[in-house]
Amino acid sequence: MTKAEAKKIESLKSLTWEDFYKTKFENKMPYFDKNGRMFDCLFAQQFTPKLLQELFDVANKIRKIAKSKEGLDYLRTLLSHKRAMLYFVQPSTRTFVSFQSACYILGMQVSEIRSTSTSSELKGETPEDTIRTFSSYADMIIMRHFEEGMAEKAAWMLNKTKRPISIVNGGSGKDQHPTQALLDLYTIHQSFLDKGGINGKTIAMVGDLKRGRTVRSLTYLLKHYKGVKIIYVSPDYLKVGDDIKAFLKKHKMPFKETADLEKALKEADAIYMTRIQDEYDVSGESKDIDYSKFHLTKKHLKLMKKTAIIMHPLPRRKEIDIEVDNDPRAKYWRQERNGMWVRTALIAYLMGIDDKILNI
Amino acid sequence: MTKAEAKKIESLKSLTWEDFYKTKFENKMPYFDKNGRMFDCLFAQQFTPKLLQELFDVANKIRKIAKSKEGLDYLRTLLSHKRAMLYFVQPSTRTFVSFQSACYILGMQVSEIRSTSTSSELKGETPEDTIRTFSSYADMIIMRHFEEGMAEKAAWMLNKTKRPISIVNGGSGKDQHPTQALLDLYTIHQSFLDKGGINGKTIAMVGDLKRGRTVRSLTYLLKHYKGVKIIYVSPDYLKVGDDIKAFLKKHKMPFKETADLEKALKEADAIYMTRIQDEYDVSGESKDIDYSKFHLTKKHLKLMKKTAIIMHPLPRRKEIDIEVDNDPRAKYWRQERNGMWVRTALIAYLMGIDDKILNI
Amino acid sequence: MTKAEAKKIESLKSLTWEDFYKTKFENKMPYFDKNGRMFDCLFAQQFTPKLLQELFDVANKIRKIAKSKEGLDYLRTLLSHKRAMLYFVQPSTRTFVSFQSACYILGMQVSEIRSTSTSSELKGETPEDTIRTFSSYADMIIMRHFEEGMAEKAAWMLNKTKRPISIVNGGSGKDQHPTQALLDLYTIHQSFLDKGGINGKTIAMVGDLKRGRTVRSLTYLLKHYKGVKIIYVSPDYLKVGDDIKAFLKKHKMPFKETADLEKALKEADAIYMTRIQDEYDVSGESKDIDYSKFHLTKKHLKLMKKTAIIMHPLPRRKEIDIEVDNDPRAKYWRQERNGMWVRTALIAYLMGIDDKILNI
């Protein structure tokens, strides 16, 4: 670290939480690094093209090693001395289980808190104290919280203590879900490995673009690739937010908005379906939306390119008919398993043992 | 697999779930096998006499090995590269913990989902998608579900995918609980090891014979033994079902029905007590039954054979007075621990590492 | 064991639970020992000065070993063949997670039951049967229960069976929380290591002294040290109980009671802050107490000795302002982590592997 950088971090440390929170991403990023590498994984914006490639390489190597018992037994030795806390107070199945499996693959032992009703928050403890407590026992906290910014606040607070540990954001409110974006991108990358990768592809994102945090995070990351076109397909009420459109314009990323799914399907290389996020409804407004025009069914398959891929962050309701599952272009189950591999890679990176995977 | 067998399985694969579900056990069994051995453990009917003996042998060997730290450390290497998902959305203590312990004994890492309120079913996901998701992360799913047939449906669905994993039924509705039957039988078998085994024994089953799934499953399995007599002891309202009686007649298994506990106790080699299953009451009808005549108390002990054994699947309420616990014939606590051993044997078998236990 | 001791234990075994429960601590202690060492950890009174020193030594050695991956990997081999049951049916975060971490550090595998709603108690099982069930699967039960005396009852019952396992009390009702007292004492001991240890120190206990079980347990243990003075600081309604005062008088331990926090702060070497335990309110009476005079804030820091330490069993509400956290005398976060280490030492001792830690 240069003196200028050290000074910058010191000045970040002196900010109140409110001021820190308002600080621009690019200015506060170094605060979440350590020894020149990412220490807390909080925002999709932290993933540079170089880091993405590195994580994809580690994930691919892990998958290769994991093909044999011998390999898996080796992986389990790498973090056998570490303990992770999974603090998930917002309902979640796949993010939870895939992170837990990722920890297991590297030999970490895992504690889990999945409800505030079994925890000390009942006794009036602040979330900050709860997180500091976990940091007394664990070597990493992977957290999902209903409150926006909570993962960042946790990392902000722990980095001021004498024994900071890595925070991994497993989803915070409507806000960020960086590892979802990571696994989405990894899935596109792997699917087009011998077709030029992500560069030059047309990505159609379909559904609740207004409130789906995965759409936001994925859009951010696509700026790292050349010639990517995005088609946003949604009912009028659920159109992509102005902040995202401003981002796209700033980075000169071509995009269009439409309500015509069929037309988009013909053009797209990757179709990214999403669920209507009615848990964020203010007054049940989702019920009035005719969402059926944004459902992918068997009849759509013939419109799609032969090389196209269908993705979904899951869980799904009716956005993708189960008959679509048997089409070879349906990649959402693989995408789910990719999540486990790329999260394993991320943990390996954060704990500084990625070289023990790459150099074997 | 012969060509005829392969063809049969292909034709099973083409059935809808409704048609598959209605197919007779004996016809659909091969669908749940792989490489000539059971792959999914769903029904008591899958346990052939040969397989039962094999599982008992493996269980006995595991218990022997587990007597030393060295032995237990060896066992833990066998599945150290595998992960199990315990998906238990119906309340359970002993089935859950004994399966978890079984996984631990073989070194498997375990994820648990014990409530639908922390899972994606909240977000409208179907149970099938939830199970498919687990199969993305785990190498085996052990499940207890309130819905009849759900374990079978899970296995039916996964066996059509490219990455099927074993499903173990830890209880589905009023329906089946095959590993309970397995541990019951193992307990009788071990208790009469030097007295001719299960053959020729008289088994009294007492209590709620109408709704207890363990009674059904145990009856099925007793057909594999010679000269077994069954006495069903219950109040009139809770008599054993007609389907079971038809089964007994078909297989020429002698049985009688009575409401006289004391008389049955004099004849029985094994007394299998059960709890009134009022969670399956339609309108609180259990309250009106005088169940006290079907409670085993200290005064009954003198009526019983000296070599008899007392069993109970547990949990108990008042069916067995706690004073009975001190009698050497009370085997229900041992039966419980047997459950752990025989489930360990079953997992070892399903994962194909039973030979590494037997041949040590 | 001498014949007289054996006879004494036999006569304890013949008591009913009610009579056993009423028996004086000193008379029933041997019942919870095995081979001359503590087997069940139930009451703070079981910690003799010799045992305390031994546990502190083991904890210190564990911390030293745990500094390297190699060391942690060694520790994990010690109990790799054992399984612990964490039965916590009263809300808890830190006790739960620190015990779980302690198990992990020694390589134990852990099962957890954290709610009676997922367990067989729903089906009418008694807590005794539930605990006996756990003993079928596990090698140690660590339990927190809302009912006073439940941990003792569990140990009482299991010690009469053929396969008793250790019970560790992680908190029972308003009653006892022995490992909290242990970690409190360990923290004071370590903080004054080169200043004469605990002997001769003045300890101020502040807050809800009436209902806080930690205050009770810590007072009991302080009798083992010479020249300790206690200042109890509380509002009138929450004064320390008469039983504790009787204890202090009996053991000639000097103490005083006051409502003047500032005065106490000037004298104290250790300030032990506590939370108002309103979960034990009978009719919301805590709301009427002006508790603010018993809150430690930044302005108090200048009153305190430079060598003083600030402790809190946590969770806190407003008893300690977060601005106090940055003062070097604030030891409550370290105290929390100490809990993990000293619980690891306790488990090692109970499982008889402390020598494998001390003699390395």
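A, B and C are the chain letters, set down in written order, and residue numbers restart from 1 in every chain.
Just so we're on the same page, a contact is a pair of C-beta atoms (placed from the backbone, for glycine too) under 8 Å apart; a residue touches a chain by one contact, two chains touch by 3 or more.
The structure displayed is predicted, hence computed values, not measured ones.
*Asks:* Through what angle, between 0 and 180°, must chain A be rotated so its C-alpha atoms fit those of chain C, rounded to a multiple of 5?
*Replies:* My answer is 120 degrees for the C-alpha fit.
*Asks:* Where chain B and chain C touch, do the two copies share over half of their residue numbers, giving same, or under half, giving different?
*Replies:* different
*Asks:* Please report how many Å separate the Cα centroid of chain B from that of chain C, as a whole number.
*Replies:* The computed centroid separation for chain B versus chain C comes out at 41 Å.
*Asks:* For chain C, what residues touch not just one other chain but two or more?
*Replies:* Not one residue of chain C touches more than one other chain, so the list is empty.
*Asks:* Over in the complex, which chain C residues touch chain B? Could you list them?
*Replies:* Residue positions touching the partner: 80-81, 83, 85, 109, 111, 113, 117-125, 128-130, 132-134, 136-138, 161.
*Asks:* Within the complex, which stretch of chain C touches chain A?
*Replies:* Answer in residue numbers: 69, 72-73, 76, 88, 91-94, 96-98, 100-101, 104, 114-115, 275, 279, 314-317, 322, 333, 336-337, 340.
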